[in-house]
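Common to both upcoming complexes is chain A, partnered first by chain B, then by chain C.
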Partner chain A sequence: MSAQSHAAGIHLTDLQKTYNKTPVIPGLTAELAAGEFTVILGPSGCGKSTLLNMIAGLEKVSGGKIMIGSREVQNIAPKDRGLAMVFQNYALYPHMSVADNIGYALKVAGVPKDERTSRIQTAANVVNLGDYLDRRPSELSGGQRQRVAIARAIVREPQVLLFDEPLSNLDAKLRHDMRMELSSLHRRIGATSVFVTHDQVEAMTLADRILILNHGRIQQFDTPHNIYHKPANTFVAGFIGSPPMNLIEAQASNGAVSVGGVRLAATEISGDVTVGIRPEHIKVTESGIPVHVAYREDLGSHSTMVVEMENGQTLRLATQLGEPIRGGEWVHITIPEDKLHFFNAATGDALRSN
Partner chain B sequence: MIEDTRSINTTATLLLMAGCAFVLAPLVFVVITATQSYGDFLRNNFSLTPGSHLVENFRQVWEMTLLPRQTFNSFVIAFASAFGRCFLAFTTAYAVVFFAPRYSIFIYAAVLASIMLPLDLMVIPAYQVAANVAMPINAVANLGGGWETLFGAPLDLQLNLLNTYAGAAIPLMAQGTGTLIMVQYFKTLPVDLAKAATLDGASPLRFMVDILLPLSKGPLLSLFIYLFIGGWVAYMWPLVSISSPDMQTAVVGLTALDTGMGEDEIPNFPLQMAGAIMVTVIPLVLIALTQRLIVRGLILSEK
Partner chain C sequence: MSNRFYRNKWLPLWLASPQLVVLFFFFYLPVFLAFFWSFHLERPFGGGSQFVGWQNFERVLSDPEFWTSLWRTLTYMVVASSTSIICALVLALAADRGIRMSPLARNVLIWPKAVAAASIGVIFLFIFNPFMGILAPLNEMFPGFWNPRINPVHTWIMIYIANIWSAIPFTFIILLTGLQSIPDTLHKAAAIDGAGPWRRLFDIQLPLLTPQLFIVVVLEIADSLSGSFALIDTMSQGGPGGATNLLVYKIYVDGFKAYDLSGAATQTAMLMIVVAAVTAFQYLVVEKRVKYER
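Right, the complex of A and B next:
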């Protein structure tokens, strides 16, 4: 089922959504390329599901334009937009067999029985459910139900596939397997995919590009690599990464930035600045800044610590396992200058990213 | 405190048996009386020894009274009113839950009002309306003499539903308990079902018929049985709205069953009891037949 030719880009132009005069999305412009896998990531209540529902046509648009391919769709019925959606709680029709679930859209569209049967079989084979067509959803496991939902979405050969937190009902292992399946499925089908989640691991692993949303505004729309290494502002810096990036209020003067008298790095800027450093970039060394280990967690593959500098500033850091450090001890840390991020202390926007 | 399950079990069993005896004793009395002949009954009064006239009594009820015809009437009226109420409950609940219109609060208010003002309280206005269904239309049209100034005479449409199945069944439908039950049921369904169906291209009507109706089979069937029995045993309204005996319902008919001729004559109690059994049998059979369906429907619709 190669639908590469089907894929269509999505252009959102000044898209707005207002509930009872409260703007949820105040005006959003973005361009999702054809065949691209975009993940919309944000905390709950940031408007990501609203955005997805507006693209799907399940919610009315308060203002702005949605283009799918070359068609303006914001006033078109959902079924005519050439898209399909996978829901968080599967939303399978409980009284229908797997085959009927997958084929319902075709039945409604009046596709002849023979063609329907063969397309259902093809779609079920794509998600490895070819042998389960006669089962009821209640007889399937969570992962299988989600695969039925995916088959139901791809059977119509949509230009755009929408995913509304489809993995959050699955347990950790299954979620990992489904991530791999979704990724390879996307490569095979090639439909433009929009995937909403609050899970940054899903976002980092699945996305071609991540759109980070907060309070209905785009914080950053970039590749996972750039999101991680070049966060556009303190929100993105603090949202991505586990444990999240340390954000320190610091002062820059006389060509150097320092926090509480401790010099961190050379800089040309001056005045108040927010300095960011990822926990995994801080090294425990023989000499350097003395810190007191306030809390330590051993996670097997690595350990995380909360340390306190002499001036009271706390930092999170992650080390490879094997550092023989106990809680309560004093150690020395080095913060590599080239790993520092600088943000405007007032606006939170990135000043310089190394 | 140590739980002695055996003594708890014994006590519970004894209590249940006492309850059963209490509930079943009158029924036993009914059945035994129905087996006696009128003659035996006159001689022995009520007795606990079963007689041999059960079949004879049934035959007499079947051949000599209007009860078979009235049982049929009951069936039609109970079926129509239960069906109508289920239909209204299903469609109203669908509108309230899935469309949440601004005026849904008024729908709710109307539903509650219909529960708090049962038909028994409104017998007289209901009777007036049934006697002429067009009466409210007439009243509105003639408000302040409007119709008369326009057309020269007051509007006077006539449509009498007394003594008809429709007249007996339709007022019984105007009661909203079913709506509340279906609203609660619909709220347990995943909200994404409607979204999925929308994206699959199903119109709201199609979603209702293809998805919602099959999913509601269990609750609707239980509701139907419950309302059917309610319609079957309804007494007040059929008594008021139907005056001709051959349109009357079985429950009303029972009370008129051979109550004796004069002041002093003793009613034919065995015959009445046989009639009561016949009238009870149909709802019983209905429950027996559908019990498994109801249970299966409930289990199926849970997933």
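Right, the complex of A and C next:
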């Protein structure tokens, strides 16, 4: 099944959603390229599911335009938009067999039985469920159910595939396996994919580009690499990474930025500034800034710590295993100047990222 | 009953006893007596009974009026339960769709549950009164247009409407609960799969509603066989000309008006056998098609 030729880009122009006069999405413009895997990432209540449902046609648009390919779709029914969707709770029809679940859309569309059977078989083989066609959803495990849902979505060879947190009901190991499968599936069928999640690991691993949403506004829409290394504002900086980036209220004057009297770096700016530093970039060294280890967690591959500077400023840091540090100890840390991020203290927007 | 939970062997029985006593006096004892009397000749004012074997059954089964009444009862069973369930289903679907005013309708529709069937009968008798009721103006324009007192078809229409009205609340609530337990994402998934509202009704909603439909069919059918008494008694007394003389009402008349206790008991036994057979058929045959998977 090669749906590469079917893939269509999605253009959102000033898209708005208002519930009872409360704007959930005040006006959103974005361009999702054909065949691209876009992950919409944000905290709960940020409007990401609303956005997906509007693209799907499951929720009415309050204003603006949605284009799929060259068609304006915001006022047409979900079934006529050429898209398929995978839901968080699978949304399988419990009274139908796996084959009937996968083939329901074809049946509704009036596809002849022979063609239907072969397309169901092909789609089921793609997700390795070829031997389960006669089962009922209740006889399948969570991972298998989600695969049925994926087969049901790809059987129609849609231009656009929508995923609404499809992995959040699975356990950690299964989630990892499904992530790999989804990634290779996307490379094979090539449909434009939009994937909603609150899990940054899913976003970082699956996405060609990540659209980070907060309060219905795009915070950053960029590749995973740029999202991580060049966060556009303090929200993105604090949302991505585990543990998240340290954001420190600092003062810049006389060509240097410092926090509570401790000099961090040379700078041309002056006044209040928010300085960001990722926990894994802070090094424990022989000499440097003395800190008190308030809390330490050993995670096997690495350990994370919360340390406190003499002026009371706390920092999170992550070290490679092997640092023989115990909680309560005093150690020295070095903050590399070239790893610092600078944000406008008032607006949170990035000033200069190294 | 597991004795691991109840150490004392008699405690479970003791706890169940109020229920068992009520069941015994108001259910098992009358059933037993009905069967007992159907094999005996009973004196109407008490004072001994005489075993007569199958004679009561021979007498009842050779009476054409019994067969007419039984046939009438079965017709009523089918029409009354299907009309009331279909009306309740339509209302439940409308309420489930969240049509305007549906929260209010959901509330108002439960009220008839609180009204006794006899009261409903009296109220509808008044509503459909040919001289004072809602159709009286039509009677003035076209004399004889509506008269449930002499036209059996009109009488039946009146009884069915009263029955639907009294049966809706319970059935409606059960069906609405069933519809609301169908996850919203199934509707969304089906909508994306291309199914419109009607297609979803037949492919998704009704199949998933079969457990609730089954239970209301069982209850409504059982109710239509016995619960019609109050409506018949208040609205038509079996008339006009015996047209609405259902078995349950005939039993009452034979037993308490004609003092044929043995004949009434025999017909009661027959009616119970019919109810048991219909219910058994539903559980053994119909329930196989119910989809309990969730």
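The criterion applied here is as follows: the second predicted complex is superposed on the first by the 354 of 354 C-alpha atoms of A that agree within 3 Å, B and C clash if a C-alpha of one lies under 4 Å from a C-alpha of the other, contacts with A are read in each partner's own complex, and residues count from 1 in each chain.
The definition used in the following text is that a residue touches a chain if its C-beta (ideal position, glycine included) is under 8 Å from a C-beta of that chain, and two chains touch if they have at least 3 such contacts.
What you see is a predicted model; the values in this text were computed from it and never measured.
Superposition model on chain A: chain B and chain C are shown in a clashing arrangement. By the touch criterion stated above, A:Ala105 is placed in contact with chain B and with chain C alike.
By the touch criterion stated above, A:Met85 is placed in contact with chain B and with chain C alike.
When the shared chain is aligned, no partner comes close enough to touch A:Asn75: not chain B, not chain C. After overlaying the two complexes on the shared chain, residue contacts for A:Ser118 are found with neither chain B nor chain C.
Overlap of the chain B and chain C interfaces on chain A: residues 56-58, 78-79, 83-85, 87-89, 91-95, 104-105, 108-109, 136-138, 152.
Looking at the complex, you find that chain B touches chain A at residues 190, 192-193, 195-202, 206, 210-211, 214-215, 300-301, 303.
For chain A in complex with chain C, the touching residues are 56-58, 77-79, 83-85, 87-89, 91-95, 104-105, 108-109, 136-138, 152. Taken in their complex, chain C has these residues touching chain A: 183, 185-186, 188-195, 199, 203-204, 207-208, 291, 293-294. Listing the residues of chain A that touch chain B in their complex gives 53, 56-58, 78-79, 83-85, 87-95, 104-105, 108-109, 136-138, 152, 164.
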